[in-house]
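First the structure, in the form of C-alpha cells, and then the observations on it.
The first chain written gets the first letter, and so on, giving A, B and C; residue counts start at 1 in each chain.
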Amino acid sequence: MAESILGKLGFRRASGVDEAGWGRTLAVAVVAFIYFLPVLFIIFTAFKPQGDALLVPPTLSPTSLFGLIPDHFVFKPTLENFGSVFSRSMTPDGAPEATGFDRYFFNSIFIASASVLLALVIGTLAAFGFSRYPLKGNDTYLFIILTTRMLPAIVVIIPVILMFRVVGLSGSYLGIIMLYTAFNLAFTIWMMKSFFDELSPDVEDAARIDGSSGMRVFFKICLPQVIAGLAATFVFGLILTWNEFLFALLLSGPDTRTVPVAMNQAVSSGGRGTDWTLLAAIETLFLVPVFLVTFFLQNHLLRGVTFGTVKR
Amino acid sequence: MTAVSSTLPTPRFTTVVAHNWKLAIAVAVVVSAVSMAGLPAAVSFWVVGATAALVAAAFTVNAYRRHYFGALLVAPAIAVLFVMNIFPLLWSLGLSFFAYQANQQTIRFVGLGNYVRILTNDLAAHATWGALINTAMFVVFTVSAQMIVGFLLAILFAKQFPLRKYLLILVLTPMMLSVVASGVFFTYYYDPTFGILSYVINSISGNQFILMSNKVGAVAGIVFADAWMWSPFVMLLVLAGLVSVPKYLYEAAAIDRISSWRQFWMITFPYIRGLLMLALLFRTIEAFKLADLVILLTKGGNDTLTISYHLIRIANEQNKTSEGAAISYLMLFMVIVLTNLYLYLANRRTQGA
Amino acid sequence: MSTIELRKVTKRFGSFTAVKDVDLSVAAGEVVCLLGPSGCGKTTTLRVIAGLERVTDGEVVVAGKVMNNLPPEKRDIAMVFQFYALYPSASVAENIAFPLYHDGISGAERTARVNRVAAILHLEHVLDRLPNQISEGEKQRAAMARAIVRDPNCFLFDEPLSRLDVELRQTMRGQIKEVLQGLSKATVIVTHDQLEALTMANRIAIMKDGLIEQVGSPHEVFAKPANAFVASFIGTPQMNLLEADLKTFADGTADMTVAGISLAIRTDAAVARLQPGKVTIGVRPRAFTPTDTGDRGTISARAELIEPMGAETLIHARTAAGADIRVVVTRSQRVKVGEALNLRPDPRQTHVFDGAGKAVRS
C-alpha cells in the first residue's frame, strides 16, 4: 500500500527506469517552492506599493489566483520601486535625484567579471603547471594556497588597506580587482587541478610526439576537455565575488562602490528605518545577472563538481 | 615531462646575467634594507617593490632559459597570491608582535604580549573564549543543518524527472542572494511586530512571540538563515556524487535483490563520501568565519558574538590592529588544525575502505 | 521449471522501436545466444527479460509466470553485466555473498556457499581483495560467481567476454560453458561475437533492427541461413552474396547470369517456384573449387589479393564485371596475384535468396 503511493509519487525503486515521472516533479516542486519562498517574498516585495511593506498581516501575492487567496493578502503590483532604485528624492519634499545605482551596477558587473575571468586565466595556467610539471614540494604549495581561502577577510584586510594607501590603489578598480582575483585564485587552482589530473595523458603524449608545442597541447587538447570545469569554477567564483561585502565596504571608493555596499547604505541611511521595498527592488535587480549565468551554465555545474573528487 | 634539456650551466654567484637569481636576491635584500633605513616610507615602498620585481624577473628568465615550464605556468598565480594574500598575512603576523593601532602613529614591540593578552587577560580573554565557544556552537549547528538539508535535497533531485532543471535553479537561488539583502530580510521575517514568523505563531498561540529575545531563539534564527542560504551548496556537491554512480550498479543491486538500506551503504555512500567530506570541509571553514549574519541579525546580542565578529570589532571598530592580528592568527591556527584533522580522517577512511 | 518465454515482445523508447514482436523460448538447461550487430536490440531484449526495462507490448514469461510488471528483484534472476557491476567498496567475497542476504541465509552457510563457487571459478586467492585490485579475468569470474551463488530462475549474460583479451576469452568461453552445463538453467547470452555464440550456445537467435531474423542451432544457422543477412553475418570469411538474374529452372538446374557471366548450377528444387528475375546467390568462400578449365558451371575471375591464413589461403578475386569474390583454398593450392581462376561453386552449398533476401529452400 505504502509502496504504491510512494510509487505514484515517483519514489519507486529503479525498475529499469532511472527517470522518475511527473509524480516526482510534483513532490519536488512543493519542496522547492517552500525553499524558494523567502526569495519569492523578496521579489514580491520589490513590486509592492511602498505603504504595503509593513502591513500586518503582510500581503503575499500580486494576484488573488481567481479568488483563491483572500483579498487582504493581495497587493497591487507596481514598478515604481525599480524606478526609485536609480532616482528618487532624498529629502521628504525634495526633487528626485539620481542615486548613482546605474554606476554601482556597472561596477559590480565589471569588477566581478574581470576578477573572476582573470583568476580563471591565471589559475588555470597554474593548475596546469601544478598538474603536469609538479614542483618540489608541490603539495605544500597547494596547501598554502588553500589556507589563503581559510582566513576571515579581516585578517588580510588591515595590511591591504595600509598597502593600498601607500601605493595609491585605494578606491581604484585595479586594487579591488586584484584582491578579488587573489581570493578566487585558490579555489580556481584547486578545482582546475583536479580536472587536469583526471585527463588521460595519452592524447597529450600523442600530440607531443606528433610535434605539437606545449602551448598548442594546452590550448587545443587540454582546455577543450575541461570546459565543464571552467564553467563550474566561473559560476562559483561569480556567486562569491558578486555578493562579497566586507572587502568592497572597506576598499571601494565612491567611484568603485559595488551594489552590496551601496545597498547597505541605501537601506540604513537617513535613520528612517529600513526601506523594504527599495531594498527588495535592488536585490531583485541584482539577482538577475547571476541567476541567468547560473541557469545557463547549470548543466556544467554538476559535471564540474563531480570531476576528480569521485573517481579516484 | 619535467625539464629535460637543462643544459644551462649554473652561473657563478657574482656573474651578472639575467638568470642569476641568487645575485638578484642578494642585491634586493641589500637595496631594500638601505632604502628602508634611509628613505621615507612612501619612497622605500616603491624601492622594495622594484627589487621584488627584479628578483621575480630573474626567476622567470632562469625558469624560461632552463625550460622549467611548471614554474613559468605557476609564477603569475604565485605572484598575485603573494602580493594580495601572503605578503599581507606576513605583515599582520608581524603586527601581531607589536602594539599598534591603525589610528595612531606609535608602534612598539611587545613580543607575544598580544597573544598572552587575548588568551589570559581577564576581560579580553573572557571575550575571546566566549566568542570561540559561540563559534564552535555555530559551526556544529549550521554545518550539521546544512549537511542534513543539503543531503536530503540532493536525494530529492538525484533522479531525472520533468522540469528538474527549473526546480533545481529555484533551490540554488538562496546561495546567489547578497547576504546583505537576505540578512536584512531575515530580520524582517523574525520581527516581533510585523514579521511573518511572529504573525503565524501569535495567531496560533495568542501570545506575543519574539524569536530574538533569548539566546536559543537568536542562535536558532541565525542557524536557520545560514543553513537556508548554504544548504544548496552542500546539495550541489552531494548531487554531483549521486549522479556519478554508474547506473549498472543499481541494476545489479536490483538483480541481486539487495535492500535499499544496504544498497545505500554499499553503492551510493562510497561514491558521495569524498564530496561529503569536501562539503564538510568547505562549510566548516566558512562557518568558522561566520560574521555577517550575526552583525545583521543580532549585532552580537544575546551572547551570539562569534570570533570573526569579535575580530572585526577589535580590529576595525576599536582600532586595536595588532590585537586583531593576534586573534586572526589564533583563528588561522585552529582552521589549519581542523583542516589537517579532516584531511587525515579522509585519507585514513579511503585507505581503510 | 527454469524457462524463459518471450511472446510478441516489443520495446519502444519514445518513437524508436528497439525490439519488435520478438518470440523466443528458452528451455531449462538450454543456452540461447542473442547475436547481432550493435544496435540490433539484443541487449534491450536481455534487459526486458531482467526487468531492467519494461516491455511496451507482449509478454515476458519466466519460470511459467508472466512477469511483465515485476521489478527485477521480484523476478529471481541472475545476471552478469558487461562492465561486471561489482560493488567497488565491497571485497570479492562480499560481492559474491550479496545475493544471499535476501533469502536470509545464515552467515556460516553464506561463507560456505561463497567458498564453493569461489572454488569452481578459481577465485579463492582474491576473495579478500577489492574489485579494483584484481585483474579483468578475475573480475569477470567474480561477476559470474555472484550470479551462480544462488539458485535463480534463469541466467542472463550481457556481453560477458567483451572486455577480456583474446586469449582469456578462449579459456573463459570454455569455463562458462562448463559451469552452465552443470546448472541446467535457462540461460540467455548476449554477444556480438559469432564465435562466442557458435561455441557456447545450444541455439542462436540472430537479431537485426529489433527483429529476430532466425533462431536455430549453431549448425542450422550456418548451414541453412534463413536469409541473406544471416548468411552474411555468420561464418568467416563472410559468405559471397552475388547478384544474379534467374533465367530458367529445369531438371533441378538453374540458368542464370551472375556478374555478367552465364552460369548453370544445380539448386534446391524450391527455386522452381521463383519467377525469372533478380535473385541473390550465396556461396561460402570454402565452397568454391578452382578448376583448370572454365565451363557453364564456373565463374571466371582474376586473383587480386592473396592473404595466407595458415592452413588455408584467402583469395580476393574479381570478375570481369567487377564483382568481388572471396575464395578460401587449402595451403597446398598455390595461386599468384593476377592469375585467372575458374571457380566452381559446390551446388550443395549454394544458397539462393529471392528478391526480398529470403532463402529459397524446400
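To be clear about the criterion, contacts are C-beta pairs under 8 Å (C-beta built on N, C-alpha and C of every residue); 3 or more make two chains touch, one makes a residue touch a chain.
By chain, UniProt protein names: A = Carbohydrate ABC transporter permease.
As the structure is a prediction and not an experimental result, all values here were calculated from the model.
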### Summary
So the chain most remote from chain B by C-alpha centre is C
### Summary
Centre-most chain by CA centroid is A
### Query
From the C-alpha centre of chain A to that of chain B, how far is it in Å?
16
## Note on the structure
Taking each chain's mean CA coordinate, chain B and chain C are separated, in whole Å, by 60
### Query
Approximately how many whole Å separate the CA-defined centres of chain A and chain C?
55
### Summary
Listed in rising order, chain B residues that touch 2 or more other chains are 251, 254
## Note on the structure
For chain C, residue numbers touching 2 or more other chains are 50-52, 71-73
### Task
Going through chain A residue by residue, note those that touch at least 2 other chains and give them in order.
13-16
### Query
Of all residues in chain B, which touch chain C in the complex?
246, 248-249, 251-259, 262, 266-267, 269-270, 353
### Summary
chain A contacts chain B in the complex at 10, 13-16, 18-22, 24-25, 27-29, 31-33, 35-36, 38-39, 41-42, 54-58, 122-123, 125-126, 128-130, 132-135, 141, 144-163, 166-167, 178-179, 181-183, 185-186, 189, 214, 239, 242-243, 245-246, 250, 259-260, 263-264, 267, 274, 276, 279-280, 282-283, 286-287, 290-291, 294-295, 298-299, 301-306, 309-312
#### Entry: List of chain B residues in touch with chain A within their complex
1-2, 41-42, 45, 68-74, 76-78, 80-81, 83-89, 91-92, 95, 102, 153, 156-157, 159-165, 167-182, 184-189, 193-194, 196, 199, 228, 236-237, 239-241, 243-244, 247, 250-251, 254, 260, 271, 274-275, 278, 285, 288-289, 291-292, 308, 311-312, 315-316, 321, 324-325, 328-329, 331-332, 335-336, 339, 350
### chain C - residues contacting chain B, complex
50-52, 71-73, 76-79, 81-83, 85, 87-90, 98-99, 101-102, 130, 146
